[in-house]
Every structure is written in structure tokens, then in C-alpha cells.
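First chain written, first letter: the chains are A, B, C and D, and each begins at residue 1.
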Amino acid sequence: MKKLINAPEAVLAEALSGIAAAHPGLKVDAENRVIARALGTKPGKVALVSGGGSGHEPLHGGFVGRGMLDAACPGEVFTSPVPGQMLAAAQAVDGGAGVLFIVKNYTGDVLNFQMAAELAAEEGIIVETVLVDDDVAVQDSTWTAGRRGTGATVFVEKIAGALAEQGGSLTEVADMGKRVNAASRSFAVALTACTTPASGKPGFDLPEDEMEVGVGIHGEPGRRREKLRPAKDIVATALDAILADQPMVAGDETIVMVNGLGGTPLIELYVVFNEVAAVLGDKGVAVARSLVGNYVTSLDMAGVSLTVCKADADMLSLWDAPVNTPALRWGI
Amino acid sequence: MDTDLARTWVQAIAAAVDQHKDHLTQLDSAIGDADHGANMHRGFSAAVTALADYEPDTVGAVLVKTGTTLISTVGGASGPLYGGAFRAIGKALDTPSPDPQQVAAALAAGLASIEKLGAAAPGDKTMIDAYAPALAAFKQQADAGADLAAAAVAAADAAEEGMRATTPMQARKGRASYLGARSIGHQDPGATSTALVFRALAETLGSRAESLGER
Amino acid sequence: MKKLINAPEAVLAEALSGIAAAHPGLKVDAENRVIARALGTKPGKVALVSGGGSGHEPLHGGFVGRGMLDAACPGEVFTSPVPGQMLAAAQAVDGGAGVLFIVKNYTGDVLNFQMAAELAAEEGIIVETVLVDDDVAVQDSTWTAGRRGTGATVFVEKIAGALAEQGGSLTEVADMGKRVNAASRSFAVALTACTTPASGKPGFDLPEDEMEVGVGIHGEPGRRREKLRPAKDIVATALDAILADQPMVAGDETIVMVNGLGGTPLIELYVVFNEVAAVLGDKGVAVARSLVGNYVTSLDMAGVSLTVCKADADMLSLWDAPVNTPALRWGI
Amino acid sequence: MDTDLARTWVQAIAAAVDQHKDHLTQLDSAIGDADHGANMHRGFSAAVTALADYEPDTVGAVLVKTGTTLISTVGGASGPLYGGAFRAIGKALDTPSPDPQQVAAALAAGLASIEKLGAAAPGDKTMIDAYAPALAAFKQQADAGADLAAAAVAAADAAEEGMRATTPMQARKGRASYLGARSIGHQDPGATSTALVFRALAETLGSRAESLGER
């Protein structure tokens, strides 16, 4: 294992300390492992709390700041945080208007946030939850764990965060978060496996000419293994899956994210974005806003995820609202 | 069973998890996210520490504390599931020295907690596939009048069999379900750690029985 | 080779097309391969042009925008652009106040920019050049090619760009750029080699327990090979080299960049930054400003570079000035 | 030498570079940035295209155009260095049919251009270490009254020897210099492409001499 770390057990604590040192706009509660805005929550503003396993940076800590999250709870690498952390976060940032938990749909995240919501309720904090489940590689059914939450988390956090900043009520902010999630779909492919500090070995072996299609963001293998193909074909596969599930017609407007999984050079992400813009352009679907870069990563995995949100005018205007976080910043 | 024994059980689980940490992680690496060994290790180490100078009156209190510690230190799916189970087991053992029937009922409460939280059923390729047969075996022995040690050995054997039986299953819950048919052919990490939990119980009760026998 | 591309020869053109589609604030001259601000240069403002081989994204195209570069000229991967490109860029962005070329010190970049400066002069465009040579891994001497230009390029582009935006003259802007370069030092280590699309193979083989110490940003091996060590030791090595060349005393203020080379997870960069902040803190040297992320990459190379600029008050205030580019944005 | 011959030379270089592209890149990968093959290929392909319907009066014009094309398409260190050299050679051959002495003087102007731009000297492990001995050999043959073909063969042989002699050198210029002592033991990519340039000249002039002899 080749990592710029001191010890696998120390990664999270040391990274948190580094985040605190790097971002004066954030304050880090090292004991409870909560990253929050240094300035706290404006009284009366709905507070947004998210969290999940680490290893997806900048998600979630990099999205804490004005116009987006109020706090993030990072768990160990690829491990959901614990309820105590989430409760501490909720207590730290509740501005009296309630707290929205933004939860990616994984059993661990769901259960831990659920327990935290119960604990928070006992403390008199009103909590609502938005569950993000955008990954069309996974079949949704009441008999399964359901779809994974991946790239759409960024869209939910940004747009719901903007509405909270504008004074939206807890119900309004939660509803907007749910609308964004419902309008968003993602699909990812991996060219290499990632290596967690704890395991020290790549999660799977992938021959030099193959890729994993339909992967998540936790280093697990994908739905199937295929021969590596040109970017154009990969984009076609991903967009086919996305559009089959969320049909779009000429005139629709979208927010698109071409997201690197951690080990893919930015120049390749632009090549991919070029293909995405071409395919959607051919269908008359407008890429109204876009992100190209590393936003929801899977440690050192090489690969890309596409997320497309069929955005209405409200979403677009909230997208454009000021945001000031380490990883997303504009209009400030 | 008494409080010392409960503590010894938790210590035995911690020792087993320490020993099998890499194996659990390896299994989780194949069909999950490669953290089950680290998760279990973090949780049970913390539980051992939490119990070190905790001297409650009941077996149940020891196990409730264990469950609470798991919930507050593990995270992931296994944290709430094991944590909730130990809390449920503990809550059902509100006595200084429960008998086999009482332990069976407590273990049943633990399974019920897992099933309620995780919404999984036998055959979904989860820890339930080791836990459910272990419970059934324990109950059967207890109903037949066996002592704790004998019931626990039967449970551990059944858990291990259940664990092995997860290999051909296709996962329907937890991360492994994302792999669809590709989850087939791999043993479930959570079922594997559940087998460790029951084997630790059998060994704890067994050595207590022995030391009692030697007196 | 595992890359999200269509064909090695097409990478640059397609990435440029993707950049154009992703960033409405930029305009891309596909024929001349020039990335410029969509709004052009305000008359009377000094224009900043940089460029170099591709594969270092977001450098340089990601730094085009208000408060930073006016144009960037991307060459082929790891290959200096050609003089015609630079001339086209200078012509496109000259606002009448002259053009500053910001050139990383590599023979190819130097020679091509030199030729471009001559061609621009023939066209009546006044050009000044700042040469960036901050990499202390390379010995400086009149007998060698001199030090490589790496991370300090970001500092020079940001700070000189801010001064230009504030109305600084060509001489003033060039002088500031030179001051920033003179105050900055970098050092990098690599844990893996990178693979260029044209070669298709990693530049070197590195055993699982070794690292290359003192690497540049073009996939070349480093000054020496060593056993992989904890982040703390790597940071000590890098800072020793930097501080030996640019001594600092308690009370000095710095701008620090912990830069990923492309394949290193952000969480590791924060672990590294934590060590940097600790070492400098022990010496009483203040980290007044910082960047942690992927800014000057080397395709998919895993590794990190540290850049430290001993910053005076002017530099810090120019650092804080508004900037609005794809990769660096604040105060806007 | 005439304009056709000059064009044929450039085509022969392009063909040789095409054939040795991967080898050049491999050499550059060891001590540089793995682009020399692609750079030379891009440049000389463009030169061949540029010359396709260019019908100037002098040998020099063909080579000036070649140099200009290299400068505008190659980039990197080799673009300006080779581009400048071909421009200098071309400018010195402002005649329809230069003799060996004139060609020697032109090649000397090419080397001077490289030395001026690159500020490198023999022994620095660059293209100069192939070019300088090639020029010396060409000049010696020309001074001794040899014809173009013979002089070019001597130059190509000397260039290849110079190319091989770069292996034990420690680089002092170009990217390879960043490696310090680790640059020792690798053949310089630029010296290797320079050897291709001179071999292409020898073959071009040689086959012309043959075809003249056959007439």
C-alpha cells in the first residue's frame, strides 16, 4: 500500500486536524468529529447536516460553509459515522429552525442517522431527513437495500443549502432536497480499484484492458466487468442508463456533474464532459450548469461518475445562489 | 451466566475479532467496502475498555453497555445492528444469573432487533444467516434441558454452518446486494463475525463449565 | 494503459472542447489552442499569458479568469506549446498595456516563449517574461538547465494577476511576479509513475515499498529513490530542502500549497498539510494562507508537492484579492 | 543537392521518425518526459505535408520551410532547436545546387543555431553530441574532396557513434539534467533523432548518387 499517511488508524484524526488548519472558515470538533462553519448557524436558519464514511473528499467536509452544509460528520474510511457524532453536529448547528439530515442511501448511513434522529428528537431538536439514492446501476426494489446515494448528494446539498440560506422552512428545504434527488440520476465506471488504508490492498484485480461498469463509491466491484472502451462509448453506456430511468426531451434543462473518482486526471474528465455535452446536445437537452472535477471520490480509484439532474427554474436559481465552501464557491 | 462471564464473553469476542480482523476485511473487500474487520475491531476493543471498570449487578447491564459502546464507536451497518442486538440481549437479561431458557429468549430479542433495524430475512446473505440458525440450535438445546455451555456449542456450530451457507447466496441486503449475481460465491463478512460471536460464547461458557467442574 | 479518452492524439483537442463547454466564462480558440476569458481584456489592463504542456490540469487553463490569467496556451501532453499559439494568445488579449508571459523554467517552454516574444515584438506588442524556477530538488547553476518551475506558478499567476487587475503597469506586474517566484520554493515526492497517452506505459517502475524523491511534474524519475516513509518524514524531508534554500524565522508569514500530483486522495493531502502546519508552527512561521488540493498535476501520478512562499504584506493582500477562475475562486 | 533532394531528405527523416517513434519515446521516458517520439513525428509529418505542394527555387527555401513548420508544430525543446537548425541550414543554402563545401557550411550554421538557442556544449548529453561529430566528419570529407553522398555517410556514421557516446554521459542540459547522476547509462533521445536525420541524409544522397550513376 502506498499512501501519504502516518498510520491507517490515524488518517481520519490527522486529516481533520489538517482541514481545521487549512480552512479558517471551518471549525472542527476533533473529539466528536464534526466539521462545522466557524461562524455557526444564523438563528432561525434551517441547519443542514450530512456525513458518511471518509474517503470521498471533498464530500462532505468540503461542502460545509455558507450556502451549503452547516456541518458534516466524517466516519472512518468508507464507514458510516456514529449516531453520537450526528447528534453532536445537530446540537452544534441547530439554529432553532430544525435540522435537515442529508443521508446517502447505505444501510449503515441510514441506520446511524436514524438513531441520531431519535436521539436528537429526545433533545428537542426537530429533524427531517432527505435520503439520496441516485445510482441507476443498482436496481431499486422494496426487497433490496435500494439504490446507492452518490453524486446527486452534491446537488442536494447545494440546492437545499441555498434554500435554507434564503429562509426556507425545514419542510420546504427537505422537500426541495427530495425534489432534487428525485430529479437526479448517476452512473459510474472504474478503471482501477481503490485501496483503503485499513485493508492495504486494492479491492479487486482488474486486467489492464478491462473496466468495472456500474460501480459505487466504496471500492466495491461494479455490476459487470467489460473490456475498456473509448470515452465516447463509456459515456453512451452511462447516459443510456441514466436516460432510461429519467427520460428527457428536447428543451429540458440539466445540471451535469462529471466527477472523478480520485485517480483520474482532470484532462480526461474534460474529454468525458465533451462527450456528455455532445450526446445531450444531440437530444436538444441543455446543459444549463455543470461541474467537472473531483467532488465525490473513492480514494485513489481511477474512473468517472456522471450525474444528471433534470432541473427546473427553482433549482437553477438556487444552484446559482452564493456558496462559500472549500470545494464549491461562487457568487460570494 | 453472571456479570464476569458476560464480560469474559465480550473479551473473547474482542480477541477473536483481533485475530480474524484481516480475514473479515478481506471478505468485506470481495463484496463490500473492506472495513468490516476494522469496524468490529474498533467496536469490541472499545467495549472491552468500557467494561474494564464497570461493575453492574446484572449480566444484562454488561451487554447493554457493550451494545451502547458498539453503537457509539463502530458506525457502518454492523454498528447499529450488533449494537442494537447486544442492547436487546442485555435488556432481556435483567437478572444476576440467567438460565438457558432466559438466555435463549434474550438471544431471540437480539435477532429481533437486527431483523427490525435491517429489514433483512434469512437467505438475504447477512449476519442473520448465521444468527438465526445459531438461535434455533441454542433454543432447541435449552428446551431439551441442556446447560448453557452445551447450548452455546450447538449454537456456535450452527452459526458456522450458517456462515458457510451464505457463500452460494445472492445478497439482497447490505452493500453486497449492489453486486447482484456477482455476490454469489463469497462468504458474508457479517455472518462470519456472527459465527465468531457465538464461538466466543461457547468457549467462554465451556471454560467456565470446566473450571466449575474442576472445583 | 487505462484512460478515459478516445485516442491519444485527440486528447488535447477534445479536452479543450470540453473546457469550452464546461466554462461559460472562458472562450476557447480551438484552432490556435488558446483558452482566454470570454469577456476579453479591459483596455489598459496588463494581460497575463501562461502556458506549457498539458497533463498538469487545472494548470494553466483552470487559472484563466478575472484576477488571474487572461489566456493560457496548452501544448500537447508534457510538451511546451508552440510560439504561434503564444503569439495568438498575446494578440487576443493585449489590452494595450503589454503582455506578461509567465513561463515555467523548462528548455522547451523557455525557447518557445522566447520565440513568441520576438514574434509579438514584431507585431508591436510589448512583452515581459517572468520565469518560474522554484523546485529546490534541482541544483541551480549556470552550467545546468536550472531549476524546474512547478507549484510556485500558481502563486505567481494569482498574485501578479491581482496586481494587473488593480491597474499595475507591465513592469510592476512583472516585478511582482519575479518577487513571488524569488520568495517561493517547492519540493515533490512521487509514490507512482504517471502514464502519458502517447507512451501508454508508466514512466518508471517503482516497487511497492519505494518512492521517488525530488520529482518534477513531467513523470520523470526523481533525484533519488528511497523507501516509502510516513507522511511526517516525507514532509520533514521536503521542508528541510525548502528551508535550507529559503531560510525562515519566527514571525515570517507564508502561503503554503500542498498539491496533489493527480492520483493522491484529498484526505491524504490533508494529512500532509497537517504535518506541514505542525512543522512550520513549531518554528513560529505562520501559514497565513493555504491551498490543499490538485492544482499542478502530473496526470495520474500519486504524490505530493509542497510549495512555500515567504509572503510580504503586498503579496498577502494581492492573494486575497478577488479571483474568478475554474480552479481558484474567491472574493467574487 | 537540389530542391527535390531536399524534399526527399525531409521525407526520409519523416519515415525514419515514424519507424523509430516508439523507440524515441522510450528513450525519453527513461530520462525525460516520454514525448520525443510524438514530438518528432508530429513535426516531420507536418513538414512533409507543408512541402507537398511547395515548389521553391532553392534547396534553402525547402529547408527554411521545414524549420518553420517544425517550430510551429513541435513545441518542447526539440521544436525550436531542430526548427532553428533547419532554418539556419536553409538560409545558408540560398543556391539551386550547393556543393559539399557549401553544405558543410550550412550544417555548421545549423549547429551554431542549436548551440546559441540551447546554450549547450558537447558532452552535455544532448543532440549536439551527435550533431557536432557528424558535422566534423562531413566537413573533413568535403575538405578532402569527397562528394555529397560520401560526406553524408561519414556524417551519419559519426552521428551514430556520437549518439552511442551519450549513454555514459551525465546530462547537464534539458530535462535529463534534472536526474543528475541517474541520467548516466541512458542514450539521449535527441542525439538519437539527430542520428536519424543524418542517416536519412546519407541514404537520400546515396540513392540519388546511385540513380545518377545508373543513368
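The rule is simple: a contact is a pair of C-beta atoms (placed from the backbone, for glycine too) under 8 Å apart; a residue touches a chain by one contact, two chains touch by 3 or more.
In this text, all values refer to a predicted model and were calculated from it rather than measured experimentally.
Visitor: So which chain is farthest from chain B, going by the mean of the CA atoms in each chain?
Guide: D
Visitor: List the centre-to-centre spacing of chain A and chain D in whole Å, with centres computed as mean CA coordinates.
Guide: Centres of chain A and chain D (C-alpha means) sit 54 Å apart.
Visitor: If you average the CA atoms of chain B and of chain D, how many Å lie between those two points?
Guide: 75
Visitor: Compute the distance, rounded to whole Å, between the mean C-alpha positions of chain A and chain B.
Guide: Centre separation, chain A to chain B: 33 Å.
Visitor: Where in chain A do residues touch at least two different other chains?
Guide: In chain A, 77 touch at least two other chains.
Visitor: Two or more other chains touching the same residue: where does that happen in chain B?
Guide: Residues of chain B never touch two or more of the other chains.
Visitor: Among line, ring, star, complete and other, which best matches the way these chains touch?
Guide: The chain contacts form an open line.
Visitor: If I apply the definition of touch given earlier, which pairs of chains qualify?
Guide: Here the touching pairs of chains are A-B, A-C, C-D.
Visitor: Touching chain B in the complex: which residues of chain A?
Guide: So the residues of chain A touching chain B come out as 8, 53, 75-84, 106-108, 111-112, 114-115, 137-139, 143-145, 148, 196, 198-199, 201, 203-204, 216, 218-221, 223-224.
Visitor: Considering only the defined contacts, which chain A positions touch chain C in the complex?
Guide: The touching residues are 1-7, 11-12, 14-19, 21-22, 54-55, 57-58, 62, 77, 191-192, 208, 211, 228, 230-232, 234, 262-275, 277, 287, 290, 292, 294, 297, 299-300, 302-304, 324, 329-332.
Visitor: Quick check: in the complex, which residue numbers of chain D touch chain C?
Guide: That would be residues 25-26, 29-35, 37-39, 42, 71-81, 117-118, 172-175, 177-180, 182 of chain D.
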